[in-house]
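Each of the two complexes below includes subunit A, the first together with subunit B, the second together with subunit C.
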Partner chain A sequence: MTTAAIAYSALCIAVLGSLGRIGRWFWIKIGPENQEAPSLRAAARSFAATLKAVSAAGLRRPLRSLAVDTLFQLHILKHDWRRWVMHMALFYGMVLLVVLHALDDFTLKPLGVDYMPTLNPWRFLRNLGGIMVLTGVAMAVWRCRADPFRKRTRSLADRLARTFLAAMVVSGILLESVQILSPAIFDAMVDDYAFSDDIQEIEALKTYWSSSWGSGVTAELPTDDAQILALGQEMHAAFCADCHDRPQSAFLSYPVSRALKPLADRLDRLGLEGLLWYLHFITACLGLALLPFSKFFHLLATPISLMVRAGGPAEATAPALRSVRRAMGLDACTHCGVCSQHCAVAVIYQAIPNPAILPSEKIGALKRWTNDAQSPVASQLAEGSFICTACGRCTQWCPSGIDLQDLWQASQKDLVRRGRGPAHHWIRSQNAAQWASGAGSKPLNPAHQAHTLGLGDNPETFWACVQCTTCTNVCPVVAVAEDPHRDLDLTPQQVMNLMRLQLRELALGARMVWDCVTCYQCQEHCPQGVRVADILYELRNEAVRRLQPIAPRAQGSEDAQGEA
Partner chain B sequence: MQLAYYPGCSLQQSSALYDVQSRRIFSELGADLNEIEDWNCCGATSAGKVDDFMAVAMPARNIGIAEQAGFAEMVIPCAACYSRTLVAQQRMADDPALQTTINAELGRPVNGTLKVSSILEALAALIAQGALKDRVVHKLTGLHPVCYYGCMMTRFPCTVPVPDDVENPQGMETVLKALGIRATDWNYKTACCGASAVVNDPDTAHNLMAKIMKDAVARGANCFVVTCPMCQMNLDVQQDEFCRRHGIEERLPVFFITEIIGAAMAIAPSELQTDRHFVDGTTLLKELEQHDEQSQ
Partner chain C sequence: MAASLFAALRGIDTIQVGPVGTLPFASGLLDFIGVHPVRTGRWHPNPWEAIAQLRQDESDHPYAVMTTREMRTAWKQMLAFLTDSGLPYVAHPERNMRMINPVGTVKLTYAVPRSMMAADEALRRRPPCLLVDFAGLKGFSARQIAARLKLHWPALRTTRLPIPALEGELQPERLARFLERRDHCRELAKAIKSRLAGAQAVGLPAVVGLHRAGPHFDLIQRRLGVPLFEIPTLLPSVPGRRLLDTFSRQLPRLGVRTWYQYAVKQAQIRADGALHFRIGSAADGFWVQSRAAILATGRFLGRGLHAERTAIRENLFDLPVHQPDKRGQWHHKDLLHPDGHAINRAGLMVDARFRPVDKDGAPRHPRLFAAGSILAHQDWVRQKCGSGLAITSAYAAVAACAQIPRGLEGTHAP
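Let's turn to the complex of A and B:
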């Protein structure tokens, strides 16, 4: 009774939790399409729009996706057969165990098949499921260790998921091996099912089971006496054979039981069978209850996301559905790390240790930021987001079929809107003089001093500048400015002069520095060989490091330029 | 002829058509472009702009991959990737200590033997070997292109071995000449399109592009020819907007050099995805082809 209550509670938690997480897809807003505050009514509307869009797309493509992507996972096979083997072993191993073992009361028994857990093929299939899952977990652990990116980025969630799967299977194997072995269980079964009062017959059965059926029961009679064994076999045929196939078919548990055989009586005294049963049952129930709150949720989210995506590309879907698709994408991620292996800017992670540069980690940061806009992960996410070059390889490779490119573009716009945009957004909130007054009090933190050419620190850089204004005269940005002094604060040759005078704080926030298009006209034309464009470039980088900490956060809620 | 090929991020996504065209045209001209495996961003718009070490190390990694795969030459169609890679190679050559430091981090170290070629350099070499012989089907009489090089093919942060004149480059003109097309002379071939200012300072970018457009129109050009995907995208995608804001009536298609070669070789524009441009270029090419056929 208690066990049923525990199992049903776990099921309730799994169902309610999953519904809650699915509900969130319609609640949260990612991207610029729809900016109304989350409300039940808005969520209902977006749910209705999703249903409409999904039903309009028809069933053919989603069902095809279910078959191809979920049942056979051909999209994984296409990219990496080892990953496919790992994932298929985990997936079908668990399917076998859940359908034929965990839910046997609901699947096999109502079908009226000749079901008994100790009969074949059920016993064999259970062990097969077990070894599939264990192989999958072992491959996952190995792949994680062998890959430098995954090694650095594996998360608690990954380890938790693997540990749970392994614990479920290992406790099950131990339980079965103790059951094969246990003298106490043998005695109880004999009491219940062997209808004989003849001590001789019972002892013969014991001898037969001890010698041929792996039981750890102590035989009083000699095990090499053919007559006794024949009697034991007769008894076995009469009372046991209907429900028992040879335990050797439990190809995982049987060898374990052989190793434990010398301890058979002691294990019974410790009550290990009961302990293991509860351990196995509780891990399975916990696994079920954790489904919506762990990596396992991808079991639901990924196929749904794949089916919805099969309806067409993001830009072709109704605006109301786009945010839902993005939210689904966040949940469909299994943190497999394939995107980061193919990311064109992943190498930068070696120089700038911000995990949010890697798409597989950026999606996690985005998830946290979506839950809590004040989360400290925001600055990490912002830096990682704007390093992305939108090459689209992550989307091309994602085995869960998440439209990552669309997710990044949408979240970049969200970041800009909430004052987390790249430097050229916040630098315009003040003019050069205002920035200069603050910058003087904020010397450059040596920890933030990335590799630079060091041009600004080297007086020789400007030694030769004669203020001839050639740089200013060839500058196309100066040329198109109506009033360079008003629009640009300073001209290039004035910036060079400030550099000569070691007053570069005055130049950090100057629009000229920030509006430079790095066309290198100035540098090419400078008769004195001053590296004007490189200096402007360096100034911008210095400004980001020195001014960002004092930049007013959450300036102008709607930055029109951010949408450009 | 086997050439290493570095597409870079732009050709992967926003200018994917340039990737399709480059592969196709090179194979038509008898050279195979082999995309180097596991390449990374050149750093032009990612870490290279904030970290000077990465600015050299990121292209260095790609150079190392191409060298270790046994290639002698790598073609880079994107002007930004080309510039970053060429500059990185030069800086390592100038500073052996820097090369040693970077090599220590690389699985496939750089030894400095790779020739980094722009698409024009590679095309010019193939054409010089006679790759275009008997391949030109359409003369495209009536095509009056202005060749637009922009900044990154012509001006570099340091002295690098570029085979073209930086003030009056002739690479595109040479290729067009081999096709029998005479480029229209003009003033803005190395002017700046505004690059990423389109995002952070669109007024300036539109101003710059309007100047370029006005000169091209005044010279009687009926299209731009470019090699830089950034210039192409800016002039193409923004054209309606900057022309409207600056009172320019005309619209000029912005072709990659590969599209013009394809059109001359009678490759259907749809196969080169010319129909994906914002400013329609297929109509002009079709008219010229028909004109050619009638005059024959």
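Let's turn to the complex of A and C:
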């Protein structure tokens, strides 16, 4: 009764939690389409709009996606057969275990099939499911260790999910092996089902089970006596065979039970069978209860995301549905890391150790930021988001069908709206002179200085500059400016002049530094070989380090306005 | 650039290493020789007469080492190259032309871009003429030029045109890019025409386009209906940029391998006499073994020469430099003294084949040559002979270089 209460509680938590997570898709707003404050009414409108859009799109393509992308996962097979094997092993292993084992009371028994967990093919299939899940977990662990990015970005959620799966299966295997072995269980079964008072017959049955069925029960009679074994087999056929097939079909548990056989009595005395049962049960219930709050939620979210995406790209869908798709995408991510493997700017992570540069980590940061806009992850997310070059490869490769490209573009707009835009955005909030007044209080951190080219501090960089204005003359940015002083603050040769006068603070916030397109015309044409473009680039990096800490004061963000 | 061109025209496998140098500073006017002797400042309408006189007076001058035929061939090949490359130059073979400087002075020069040619005629005839400049343009003032010339050219008027699309400080190249568009040139012609008021010639700063300079100049001139001429601006000038672009575009087509962003970091004359150069940028480098080398590294601005505290050194091979004995003799006490300054005549001494020599006249290396402003015994600024010296000495050095047997050249790893 208690166990049933626990199981149903876990189920309730799973169902309610999942409904809550799904409801959140309609609650939160990502992107510029609809920025009204979250409310039940807004969520209801969003839900209605989504239903309308989904019903208008029809079921053909989503159902096809369910078959092709979820049941057979052919989109993964196309790119990487090893990952496909891992996914299929995990998915179908768990399906076998859940359908044929965890829910056997609801699946097999009502069908009226000849079902007993100790009969075949159920016992064999249970072990098959177990080995499939363990194989999938082992492949997942191996992938994490083999992939340098995954190795550095493994999360607690990943570890927890793998640990739960492994714990569920391993505890099940151990439980089954102990049950095969246990003399106490044998005795109890004999008491319950062997309708004989003849000691000789019971002992013969023990001998037969000990020699042929791997039981740990102690045989008092010689196990090589053909007559005794024949009597034992007769007893087995009469009372046991209807519910028991040979345990060798449990190809995982049986070898374990053989290994533990010398300890059979001791294990019984320790009550290990009961302990393992509870461990297995609690692990399974915990796994179920945690489904909406862990990585396991992708079991629901990913197929839905794939089906929704089958309806067409984000920009082709109704505006009301776009935010829902994005929120759905946050939950559909399995943190598999494929996007990061193919990300065009992932290499930058080696120089700037901000995980939010990698799409697989950025999506986690975005999830945390949507939950809490004041989260410390916001600055990481802002930096990582604007390093993205919008190449679209993450979307192309995502096995969960998340339109990551759309998600990044929408979240970038949200970041800008909340005053967390890229440096070239907030730098425009003041002119060069205004920035200079604050920059003096923020000298460059020596740790950051080590990463610069060191041009600004080297007098030899500028000694040859004769202020001939060649750099300004050839600069295409100056050429397109309507009024260079108004639009750019300073021209390149003026920046060089400030640098050689060691007045770099005056140049840090100059729009010229930020509008430089690094075409290197200035550097290539400089008759004196001054590294003009390199210096502008170095200044830009220095400005981010020095001015960002004082930038929020100047940001005209919604947040800042709200606080004001 | 000139040496690379002449070498390429002779079919010599050529590598040009080093930054583009001072070409963007060029006014676009190609001087041959305009003044001799410097002390008297005498102008020579006929450059060949000046050369003949110079050979008698200054036997060490690089022009004295060359033959007239070499000089004529050098000019012919250079002007043909420029014209064929879409940057037509004109020269009167036997006379210098008079041109207006950006500050309003007049100078003699030998070859000019076609877009400046009409200035010579205008200076001679002095017709009613309109000088145009632009609001905000740096390095050019029509009023300043007119103030200098008006004494002898009373029919000179000026006007300043606004360019509404370009506000604030206006660099010549920015304006030239603006005038790369044909519709902008049409508007400019219309604006000038409305202010002609009987002018029979129009002078503009040299900003009419960069790459489409010729057709756009013709368009404006056709619409104005009077001769039009460009006047160089102060450096960096658009005609200099046109020259640079022409060379940068054409030299690789002629087979020259150009390494503008690289520099010769190290030069070695090995025991077997082979010349080895380590060519490098900030990031990487490689070695080149060459049959011969021409030092056309310029003077102080080009970094061919380096002025130390007490002496002037040649930067790459540390070759002997002709220079005053003491630092105190580098400059004349009078900044504007007609004799000029001794340091301006410092440089590399060369033999008849343009090979740098020691004080005793022996060449430092049989296959090492020098050309251009790095040469000693010339004062190209006062003699108005900078371009001519570069072109003719480059031709002569390449001609001497071409007599060396083939072999030895190649590139190899460090």
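Convention: the second predicted complex is superposed on the first by the 492 of 564 C-alpha atoms of A that agree within 3 Å, B and C clash if a C-alpha of one lies under 4 Å from a C-alpha of the other, contacts with A are read in each partner's own complex, and residues count from 1 in each chain.
By definition in this document, contacts are C-beta pairs under 8 Å (C-beta built on N, C-alpha and C of every residue); 3 or more make two chains touch, one makes a residue touch a chain.
Quick caveat: nothing in here was measured; it's all calculated off a predicted structure.
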Touched partner set for A:Thr491, first subunit B, second subunit C, both or neither: second
Contact breadth on subunit A, by residue count: subunit C or subunit B: B
Subunit B versus subunit C as contact partner of A:Thr470, first or second or both or neither: second
Touched partner set for A:Ser253, first subunit B, second subunit C, both or neither: neither
Which of subunit B and subunit C A:Asp483 touches, first, second, both or neither: second
Touching partner for A:Arg531 - first (subunit B), second (subunit C), both, neither: both
Common interface residues of subunit A - those touching subunit B in one complex and subunit C in the other: 481, 523-524, 531
Footprint of subunit A on subunit B - complex, ascending: 8-10, 12-14, 39-41, 45-47, 49-54, 57-58, 61, 105, 151, 155-157, 166, 191-192, 194-202, 204-205, 207-208, 211
Contacting residues of subunit A [partner subunit C, same complex]: 466, 468-470, 472-474, 478-479, 481-486, 491, 523-529, 531
Sites on subunit C touched by subunit A in the complex: 19-25, 138, 165-169, 171-174, 177-178, 235-236, 241, 244, 260-261, 263, 282, 301-302
Interface residues, subunit A side, partner subunit B - complex: 344-348, 350-352, 387-393, 405, 424-425, 450-453, 476-477, 480-481, 514-515, 517-521, 523-524, 531, 533-534, 537, 541, 544, 561, 564
